[in-house]
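Both of the next two complexes hold subunit A, though its partner changes from subunit B to subunit C.
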Partner chain A sequence: MKKANLLTEYGALIALALLFVINVATRGGNFLQIENLRNLVSQDAAVGVIAVGMTLVIIAGGIDLSVGSMTAMCGAVVILLVNKLASSGMGANVAILLAAVGAIAIGAIAGLLNGFVVAYGRVAAFVVTLGGLAGFRSIALVLGKGGEIRSQVSPLQDFGFGGLAIPFVKDAAGGPVLFYWSAIIFIGIALLAGFGLNRTRFGRYIVAVGANPRAAEYSAINIQTVRLAVYTILGALVGLASVLVGARMNSIGTGSAGLYYELDAIAAVVIGGTSLRGGKGRIWGTVVGVLLLTLISNMITAYHIDTNWQGLVRGIVILVAVLIQRGKKEDE
Partner chain B sequence: MEFPAVRALDGVSIAFEAGEVHGIVGENGAGKSTLMKILSGVQHATSGSILLNGQQVTLHGVRGALKLGIAMIHQELNLVDELTVAENVFLGREVTKGGLLNRAQMIEETDGILKQTHASFSATTKVGTLSIAGKQIVEIAKAVAVDASILIMDEPTAVLSEPEAESLFELIGKLKQRGTTVLYISHRLAEVCAICDRITVLRDGSWITTVEAKKANPVELAGLMVGRPITDFYPPKAPVPVSKPVLEVENVCGASLSVRAGEILGLAGLVGAGRTELAEAIIGTRPMDGGHVLVNGKKCQIRSPKEAKKHGIAYVSEDRKGLGLHLSLNVIENITMANLRSYGDVVLSRQGERSSAETWKKDLDIRAGDLEAAVSNISGGNQQKISIAKWLETKPKAIILDEPTRGVDVGAKREMYNLIQRLAAEGLACIVISSELPEIIGLCHRAVVMREGKIMGELKDEELSEEAVMRLAAGVHAA
Partner chain C sequence: MNRFRSLLGIALGIAGVVLVGCQAGTDAGGATAGGGAPKTGKKFKVGISIPAADHGWTAGVKYWADFASKQNPDIDWIIQDAKESGDQISGLENLQTQGVDAMVILAYESGPLTPIAKKLHDAGIVIVNVDRGFTEPVADVFIEGDNKAFGRKSAEYMAKKLNGKGKIAIIEGVSCTVNTDRVEAAKAVFKAYPGIQIVADDKGEWNREKAEKTMANMLVANPQIDAVWASDDDMALGVETALKAAGRNKNIWILGGGGMKDIVKRVMDKDPLFPADITYPPSMIGFGVQAAAGILHAGKDNAKKYMPRHVMIDIELITPENAKDFYFPDSIY
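This part shows the complex of A and B:
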């Protein structure tokens, strides 16, 4: 019984540790290289930021399928804004900052729209955000005339590969190893969301609305406001994630940016032990889920496995995670 | 003449004769529905036997009962709206010809039955387009189509208008002539006396009497249905201090009432009388239909429980598991749920929440070992205390307790009565919704009786008796 609880409660973490050990045992030094470990955290930081927001939405009893398309739309806005502002004579860093704020605002508005229809239109979140999935991608494509939008402001990419120097570590050439901003933002957002979920009034309302919306309403909670807020927060985080994507690539391919992010984010949330039924979940689990998925794709590259297998492996991991979760329900 | 006979419930025997309309009356929880469930094959009797035409039979589920000619028409109609009348009538026993549906025959047979009922629709009408009364006729047609010899009707007129009820009675008369036995369950005593041949009264799961309908009258029946001695189960009532009304309800969904500080007002009536609906309109989860609510004499706008809370009105739902509590959350989280702002505008004080929960635990004697355990693992009585604590947290002026002792064991019931008395003594205006008559009589200073969404009357002091409440609740007047 105790063993089963440990597995159901910390299954994802145990799996991550297990894969870690396997990697250390088979790849040793290569794997433990500080650059490689850093890459693990930063590689999917954009998906990670979105997954953290998705965790809140799912705990509140919702779902958002539109985040991938929204990433492309917000990303297009970032690049267009940066180019426009910089060409109007503004300093590059100010232009980047303003463009980022713009993208976050656009994301928040898109999320608000999703939330509004879900909360007040009483349409199933699945359907509403399926509409967003189609619609936001279409807006992105219109903005990019169906193709890629390139940034003409090189400091944008400097931001993408910038970060804080990790102390006491030098790379092969003797230079500092940077801990990327994207990873710092991912970790910071996760910590903030974790605190918000567990220690604030709003966090408690999110759980209450997801666990039993009618009981929440009868407890004098404005459930519509809570629903509206979680989708808006997720939208803003998607905007933030789109800045990370745009900065890393120095461009946004409007047809390909953010593709399948919704699936990756939901997968990370589920693997992390958050119930798709809502009312129960944890941010740290989602972070573990993101890292687990990243590590898996990392391993597929490192072991020279045909990358076409990647989808199957992910699928199996998701299914196993859900099966373990179901076991947890029967325990209670 | 053959006597289809049925023996059931607590060593009690009731014999139903062929071609009779047999009324079955009793309070909520008197055992009517259990009896009917056993007879229609939904439930198995733990002891005793059912004899049909003198032969012992075993009912294997609803289908088994149907095979033996016993059909039940439920309060909630079991029809498929998307299908036609004929398709519903023959659902599950379709007539086929060479593996294909024989529509023509099914429609013809159904029309034949409908003709006898003066139905205004035909076999090919979609059931979804029919009125409730029409659907009831379809249900009856279903029973006739299988040649049921025993037809059980549970509150058939509850949803019908006067003329619709009249045509139902006419149909029952016709069935009776065909030799069908009709078991007729209803709270409408006048109606039962008018259309039945004999009437059986149940109380507390046992048989009280079976009387000839011709010799029975509604007032006498109401007396037979209750008539249980009130023991000192209830704490003595404290006098209500003279004060102005705290909560006044004016014409909300057509109902008006008021309650003073320190007063316990009972809201009596049968299940479905509209009491919960009235309470929900007061707290804003249902439209008020033009009425309004006054707190301490001031008109309030209430459109949600949140606004009700703001004006000091608390509602403890009868549906503890669905509306009253978050079962997956722990005791502390549930107790502070409606009053979280007191523990922090943004960041919550865990310490504050815990000590507050500890205080309520001691004060209301909530027996929960671990305050961080999910409330789903806690007994009904203690869950009820938690949902009351949740609302006392908000320091309300008036509290509406909907069936506060439902699903609570006897010991916990008594505690609940003491608690309600105490709340009133502390100056809270209390409204207690209860379907249990002794509770209304024993606990409340005053009672308002509802029936079909309307307030039928108000009883206080010596007028407050179980019979008087039952008469109002069932809509009969003392001769």
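This part shows the complex of A and C:
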């Protein structure tokens, strides 16, 4: 029994470790070079930040399908704001900071809207956020006139590929290897959310609302407020993620930015062992889920596999993760 | 139940092993070292990064990228396609850590891919850019089709065939420089013919289904349309479906573009719906592949002395007379 629990509890982590060992064994130094490991943490940092927020929403018994479109909408706002502020004579860094705050605010408002309709309108979260998926993308397209919006402020790009120098490591040209800001932000957000979920009263409320809303209500928890809060937090995190995306690309393609992010984020949450039924979940599992998906993409390139296989491999990993979870439920 | 879970664990492990197995296969296949290998004895490694095949033309790009790289077996080619810009950027980063010497890039979108291309170029990687350009001159070689000629030549053909008189509909692609160049050049030509009237102008997003819907709406709004300037062969097929569904496929004709084999065949067979087509060969990626191989073989510094920075590929009109020169039944496009 103990052995089986190890697999159900740490399945995703074991899979990640297994793939890691396989990569080290077959690719050795190429895989272990610092740049590659750095890329693994930073490449899907935007999806990671969103997935952390998604974990909270799913634990509270909800879901949000609108996050990809919301990323495009907030990203469009970031670039437009940064251009506008910088052209009005403001310093580039101040302009970037203010634009980031603006995007996070817009994201939070969009999330609040989702949460409001879910909590008070009593409409299924799936349907509400399906509306958001269509609506937010449309707003993004209107802002970008259907095309891409380019930043005129080059320090934004420096932020996208900037970070802290990793000590004692030099790249091929002898320059420092940077640990990107995006990865630092991803890790920071995950730690913060993990603390909030496991160590605060609000965290316990989220779990309680997801596990049994009626019981939560009877124990004097305002379930509407909790629901509103998790969607708003997710919205703000989407705004933050859109800053990372916009900086990485120095622009936002309003038709393509954030495409399928909702699926990637939900996949990471599910792989990480959070139950889609709510009431049970963990942030570290989601982080492992994000890393697992990134590692799979990384391996597709490294092993010269036709990229068309990527979807199938991802699909298998997701299915296996869910099947393991189902097994756990039946035991309880 | 325990047994079931153990099986799942094993399945997860197998997924990993399958990935590695695929690698073993490709390594064995590509182990024959060619003559032009670099002096260190290591093979050159080149990445090809293209958008995922979301319509016929991009599928053609994939086909020709495969084909051209196979003609250079002395180089280790890694082909990857991207479903959106972020995906493509990550792919390029992965190629960099793989230690590629050069990259052939057809950008999903121009703006988003420019920062990463700049970073790779600064790191000393040879960048060959095909079709969709970057917003800064960061490519060592930029190869593109002449989209203004595409618009001009197709519009001139249409105006002449209509004897300078008639009602036409325009179906546009995805908004980007490629579409703008084509449409503006075509409209400039039509302007010179006062008898030609553009009765409808809307987007088909280079997509068969969307073009079908757009055309269906145009047909309802316009009782008479003499010709459709569809600017892409996928869209031309969508237009055809709409015309047939509305029973309006007589006394009208379509001009697509791209040189899809199905359309070229119809031109060759003198189908009245498709009197001509205009080339925009996805095989241009193959030229990019050759350029990358050539630069690496010659050495970057030597190649710089004679390789052009910008190559513009001419666009040709396909008519029943010359269609057989443009018909490649083995290609998927």
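We adopt the following convention: the second predicted complex is superposed on the first by the 332 of 332 C-alpha atoms of A that agree within 3 Å, B and C clash if a C-alpha of one lies under 4 Å from a C-alpha of the other, contacts with A are read in each partner's own complex, and residues count from 1 in each chain.
Basically, a residue touches a chain if its C-beta (ideal position, glycine included) is under 8 Å from a C-beta of that chain, and two chains touch if they have at least 3 such contacts.
Just so it is clear, the structure is predicted and the values come from calculations on it, not from any experiment.
After superposition on subunit A, the partners subunit B and subunit C are accommodated together without colliding. When the shared chain is aligned, subunit B comes close enough to touch A:G279, but subunit C does not. Judged by the touch definition given at the top, the superposed model places A:A15 against subunit C, while subunit B stays out of reach.
Using the contact criterion defined above for the overlaid structures, shared-chain residue A:A208 touches subunit B, although it does not reach subunit C. The partner of subunit A that touches more of its residues, comparing subunit B with subunit C, is C. In the superposition on chain A, A:R199 makes contact with subunit B only, while subunit C stays out of contact range. In the superposed pair of complexes, A:Y120 makes contact with neither subunit B nor subunit C. Using the contact criterion defined above for the overlaid structures, shared-chain residue A:G160 touches subunit C, although it does not reach subunit B. Between subunit B and subunit C the least C-alpha distance in the superposed model amounts to 20 Å. Overlap of the subunit B and subunit C interfaces on subunit A: none, as no residue is touched by both.
Remark: subunit A residues 1, 3-4, 7-8, 11, 14-15, 18-19, 22, 26, 30, 33, 35-36, 39, 43-44, 46, 145-150, 157, 160-161, 171-173, 245, 248-253, 255-257, 259-260, 294, 296-309, 313, 316-317, 320, 323-324, 327, 330-331 touch subunit C in the complex.
Those residues of subunit B lying in contact with subunit A across their complex are 283, 285, 304-306, 308-309, 315, 317, 322-329, 333, 337-338, 340-341, 343-348, 350, 374, 376, 390, 394. Only residues 199-202, 204-205, 207-208, 211-212, 214-222, 279-280, 332 of subunit A touch subunit B when the two sit together in their complex.
Against subunit A, the residues of subunit C that register as touching in their complex are 1-2, 4-6, 8-9, 11-13, 15-20, 22-23, 26, 52, 78-87, 89-91, 93-99, 108-116, 119, 123-124, 135, 174-176.
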